[in-house]
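Shared between the two complexes below is chain A, which has chain B as its partner in the first and chain C in the second.
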Partner chain A sequence: MAQIVNTPSYVKDVAATEGLMSQRRRRMIIAFLFILPALINFTLFRYLPIIASFRTSLYQYSLLGGYGSFIGFEHYTRLIHDPVFWKSLGVTTRFVIYKVPIQIVLSLGLAMLVQRETFGAGVVRSAILTPMVTSIIILSILWAMMYHSQLGLIQSILGIFGIPHLSILSNPNRALIGITIMMIWKDLGFSMIILLAGLKGIPGEYYDAALVDGANKWQAFTQITVPLLKPVLMFVIVTQTVFSFQVFVPVYQMTKGGPLDSTKAIVYYIYQQGFSYQDMGYASALAMVTLAILLVISYFQMRFLRAEA
Partner chain B sequence: MATTTNSSQQTGVVRSQGPSQTAKLTQRVIRNLLWAVLYIVISLIFLIPFIWMIFGSVRDESEIFKYLYPFGWHTFFPVHWTLTHYLDVLGLTPAGKLADLHFGLNIFNSFFVSTAVVVSSLVFNTMGAYFFARLPFPHKNLLFVYVIATLLVPLEVTMVPLYIVVRSLHLQDTYWSMIVPWFASPFVIFSLIQFMRDIPYDLDEAALIDGAGYFTILWKVIVPNATAGLVTNALLEFQFIWNLFFWPLIAVNNPRIQVLQVAISGTLSQTQQYWGRTFAGASLASVPVILIFLIFQRYYVAGVATTGIKG
Partner chain C sequence: MKKRRPLFLPVAALLFLAACGGAPAATNSSTTASGTTSQAATTSAETAVPAATSAATAAETTAATSVATAVATTASSGGAPGEAVTINFITIDDPDLLLAQKAVADAFAKSDPKYANVTINFQSVPFEQLFPKIESAVASGANIDMFLADAPDVKHYAFNKAIIPLQDYYTADELKQWLPGSVAEGSYKGVFYAPPSMESCSLMFYNKDMTDAAGLQPPAKVQGWTMEEALAAWKKTTVSKNGSGTPTQWGIRWGQGTYQGDYEHGIIRRSAGKKGSPTFMGVGADGVTFHGYLDTPEAIKSFQDYRSWHRGPTPVTPAEPINNIFFNKQSAFVVYPDNAIGTINRLYPNGDFHYGVTGIPYYADGSQLCHGGSWHFGVSPRTAHKDISVAIAKFFGGAEGSKIWYSKVHQLPARYDLLGSLPEYNKYPQQLFNEGLKTIEVPRIETPGYTEYQSIFGELMQSIVAEGDVDVPSLVKDAATKMEAALAKYKGWNQ
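For the complex of A and B:
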């Protein structure tokens, strides 16, 4: 970090030769004007929401009536005894545990498959990246139609293999899996790009040397590729875990948290409390707790990263 | 493949190369064929929903379901082509007007909001990156930590809290609410710093000695030398804002200023009756971004790979 923001020495020299304090101070004020807009933005729209949300969580607060009476940590005790909160935490955790490992393994496999600089590999790369640049709401609408138990395209494809109509999003045992498959499909491209950049960073001589030593491809993969890719892999795992934990749009669009709360992820529950039930106070308490959980996850994963680097 | 080997052994020309050579050639052909098949299958897995969507948007409603079973060519490919669904969702037909569809307006809103964010974000993030990369200031590291720590603030979780702030600023239900929170981004600042560090410092030194101010240096020296970074970040930012759903969903109620993504979710898909219209709306919302991506793919990939971020 220090390297990035180092002040070039000549600037100091120029400032010194000018001699006048007022001149230096003027320059400093002008310099500060460059960063001021960004600082205002981050203060107002990134940090203040957290503070405001914490304050709101201590009050009765409805969208229509505004702030009501101060109730201290009552929302937090309610949260501990709220079975839906625990259920949504479980749903979210299961989603992350299903999604992230499969996504990482598949994207590493695909990255190795398409890293060659051939026309065909280029076409496949573009295809894999297409869902990544498409908005998640459009994909959720499309996939809900594809999953449709009578009229869905997936039913038609399953029909080739003689599999009869399969209810997916309306079945409490399958809905979360349906959403997970779609999200792996969408986010694969993202992790693949980063892993491709990582693979490019491994010198080809390493592989040549291993081949000379008589290693086979699998040995080269486990002894060279994986260890050298470890920092990048860790980075992808961290970011994808935090990102996946916040799944909202597919739940909102495809299942509304149902059936039987089987897909009610935590961010959807926050939204529901705040906007469907108009209980901003409780929604804020839920947001604060989720924020804390994510910070703890990031903290531990950052420690991992630092240990790797 | 056995026949190929046999027939080539009978022709004297090939035989002179020896059987092992022929076997190798055959092996290469098979291998390339397997690669091609693998590539086609993978590409289809990622593209089929889009193919279904685009063809579905230009065919009669009944056809979408009629050819679903058995799975075949016409499951995708229209028999009877039509643009009705597009005219409907743009509100250009009586049926579309009756359903209160005005996607032309929503597309304008999406375009207006995305452009406003890209422009303001380029101005303020470029200034911020210039500050960190090249200007002298005491305790700059602390300010940098303040900026970079916002990366730890999870976006979706803080959407409802953000709404509380925007509401107390009385910006809710306006264009401003969709633009103002995004005019600065820690991702873009971080990414632009990387690009600016590669520009030789002699350049601003010379300009400074000539008496140029910081703004002049930024505009005349830094910006022309950082165009690759600016283009990359403009693209990523445009895609990020164009695709945003959760924020406009809660920030804006007025359907006249609502963006396309939310309009589609609200007006079409929830009735689940007009699949053709849904396909048409989804195509309008996604195909332009996909095309931009395909044209500028190189920038996209470089941008995501260097900063490791989404938008």
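For the complex of A and C:
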């Protein structure tokens, strides 16, 4: 005889909760599997090297000679008394200060310019994006040729206006500016396209309403565009600061850090210590300090921009 | 469930690593049919280097051109071919050397049936990047079998066990087949490591059309002009043909390429000292002391002269170097080894480049010298094909390999038999190089820290010619301090 058993309500609740839990767990597992390749990549090629780099910084170490004696934080104290380190930090900071604000302003202006689908906007967009997708080493070689004080294209153009030949890369006061101009030109497309996406995300109704309320273009820009673009701006500023802090290839290719250390950016100095001077232990200490500086800068930038937003 | 979740990470990581490990090692080479050559050029992506991953990543930002020379000939050699093997060989990005290497590699494959399926994959990098490339390849355990080593670097590689000794592969008589200086440069602490390809001695080439136009007749002998006499000639041949006042034809380019390395630029300061003086020696007997050698008053004077050639009231050489300035007929003189003859022959096969050779300029109150040494063939301790790599090194430095090499590069051979068999080295202009090798050649400074030294020296020369106010004596003294700091780790290496 069949027996009808009424399931108590608390049992149903438990079953429902368990069902939800297992569904949630399944979702978590799927999500985890999606991020797993990136996690492995970051662990193997970012985090583990950071740990290895820190360990190396505590030893006398050269690539060919391998690990020497353990010296604790000696490399870090050496770094404090190393004038070239401070100079390279100054060079890098100047490069970031020259480049990032000009690049952001220019790219925002260009993004607004090409935002509207007017005649030729596509061509302008492509022209600005082309340097972004071109190899930096090739661009560095080309720009070094253009800057050449005897044969460079820029010298020829200056010559048309009667301006005498100008040493750019062999002049300690101009070399960094030369590299900065090239890098702004190269990275303009990247920041422009991100800002363009941000601009496209601002609903047009806001501008229509502002227009009805009698706002002019400047007011619309400062009261609508800039506030709504802040998260995107924050992303661009932080990433460009970090990328600019790591400038290496143009320095390596165009000036080798010279003349008179005037373009010796910190990452080039790290490379030089590790590969030219055979002092990978010290290079690792420099890399760790650079990492710490970048983390602090990024942290404060994000805090400041978040607060502003 | 919570307990099981962390298992995903190690399991997935293991699977991922297993998949990576199971994949065959990628190479740039391809084995092709008889006698054919496949060439592939790759350019690595260059981006800003993440500081966090340390400077190791920076090595990968170098532009490396890979030339794969696949040599596979079985029919002509008749015997059974050996197993297919790829030998990865790091070399420099020089058109003449690449041609020579390919030709010798072809001959090696035909030399014995067991090497018929050996592919030599030449990975070429610019000169300045050669050392970092070899260094990172050996340190990381990359699949590199052989490399081209600059003579003074052999000691550095040997010191760090980055090259295997080949002493046991040569008899005493075989070692005598090369000039003693070449064997010494390929050795470390009396053990032979790397067979040489060539010897060298830089003299001064001139464009005959330009010197004729200036009414100059450089002496056709090794003991040519003093620095003072040479400077007068360089001034005379520095001319502006377009009336702009800016020279369109320069007097001199001191050295190969655009690099200000020690091979040619280091001669200037050493020439300022008399033979045996600290200035002439260039470095202390310990190989790590530079104060009192690099910064002597006469050496500093030579550095100041070098600056005035570039930035003086009448400059005779461009402050920013111009690539191939002599070969493109933009300078009247160039200080260069005799491989310039091979380059001129390649660029001007119809003989429409009229050139001559004279001695390398020297300080009258100092001494005349040229730096010797050239390329050596090194075998990496990481090689999985030691026997084949050693056989290649022996073949490249052997009678047949050297002969083929010479036919492409036209530079002083390191082998006695070859040098003696070349009639051109008994008549002008190549006779001057043969004579220079015997009379004024000195090895570059002997130190296991030659690479560090050369990096700092190159920076010094770049800074000396910078525009603006430059305090040359301070720069030189600072450079000596830097060199000593960078080489301190080698103290006692030769005791």
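Just so we're on the same page, the second predicted complex is superposed on the first by the 260 of 309 C-alpha atoms of A that agree within 3 Å, B and C clash if a C-alpha of one lies under 4 Å from a C-alpha of the other, contacts with A are read in each partner's own complex, and residues count from 1 in each chain.
Basically, contacts are C-beta pairs under 8 Å (C-beta built on N, C-alpha and C of every residue); 3 or more make two chains touch, one makes a residue touch a chain.
Here the structure is a predicted model, which is why all the values come from computation and not from measurement.
J.: Given the superposition on chain A, which partner contacts more residues in chain A: chain B or chain C?
T.: Tallying touched residues of chain A, the top partner is B.
J.: Report for A:Leu110: first if it touches chain B alone, second if chain C alone, otherwise both or neither.
T.: Only chain B; A:Leu110 stays clear of chain C.
J.: Tell me the contact category for A:Ala197 with respect to chain B and chain C: first, second, both or neither.
T.: first
J.: Have a look at where A:Arg25 lands relative to chain B and chain C in the superposition and call it first, second, both or neither.
T.: second
J.: In the overlaid three-chain picture, which partner chain does A:Thr239 touch, first (chain B) or second (chain C), both, or neither?
T.: first
J.: Based on the superposed arrangement, let me know which partner A:Leu211 touches: chain B (first), chain C (second), both, or neither?
T.: neither
J.: Should A:Lys256 be classified as contacting the first partner (chain B), the second (chain C), both, or neither?
T.: After superposition on chain A, A:Lys256 lies in contact with chain C alone.
J.: Please work out whether A:Ser149 is in contact with chain B alone, chain C alone, both, or neither, and reply first, second, both or neither.
T.: So A:Ser149 only meets chain C here.
J.: Quick one: classify A:Ile97 as touching chain B (first), chain C (second), both or neither.
T.: Neither partner.
J.: Counting only touches as set out at the top, which of chain B and chain C does A:Pro49 meet: first, second, both, neither?
T.: A:Pro49: touches chain B and chain C.
J.: Following superposition on chain A, which residues of chain A contact chain B and also contact chain C?
T.: 32, 37, 39, 45-46, 49-50, 52-53, 56, 135-137, 151, 159, 243, 245-249, 252, 267, 270-271, 274-275, 280, 283-284, 287, 290-291, 294.
J.: Which residues, counting only chain B, touch chain A once they are in their complex?
T.: Per the touch definition, chain B meets chain A at residues 35-36, 38-39, 42-43, 45-50, 52-53, 64-65, 68-71, 75, 124-125, 127-128, 130-138, 140-141, 143-148, 150, 152-165, 168-169, 180-181, 183-184, 186, 189, 193, 197, 201, 205, 208-209, 213-214, 218, 239, 242-246, 249-250, 261-262, 264-265, 268-269, 275, 278, 282, 285-286, 289-290, 293-294, 297, 300-301, 304-306, 308, 310.
J.: Looking at the complex, which residues from chain A come into contact with chain C?
T.: These residues of chain A touch chain C: 25, 29, 32-33, 36-37, 39-40, 43, 45-46, 49-50, 52-53, 56, 60, 62-65, 135-137, 148-151, 159, 165, 167, 169-173, 243-249, 252, 256-261, 266-267, 270-280, 283-284, 287, 290-291, 294.
J.: Give the list of chain A residues in touch with chain B in this complex.
T.: Residues 1-2, 4-5, 7-8, 10-12, 14-15, 27-28, 30-32, 34-35, 37-39, 41-42, 44-50, 52-53, 56, 110, 113, 120-121, 123-124, 126-131, 133-139, 141-146, 151, 153, 155-157, 159-160, 185, 189-190, 193-194, 196-197, 235-236, 239, 242-243, 245-249, 252-253, 267, 270-271, 274-275, 280, 283-284, 287, 290-291, 294-295, 298.
J.: Which residues of chain C touch chain A in the complex?
T.: It comes out as residues 1, 5, 8-9, 12-13, 16, 43, 45-56, 58-59, 61, 63, 131-132, 135-136, 138-139, 156-157, 160-162, 244, 246, 318-320, 322, 449, 451-452, 455-456, 458-459, 462-463, 465-468, 470, 475, 486, 489.
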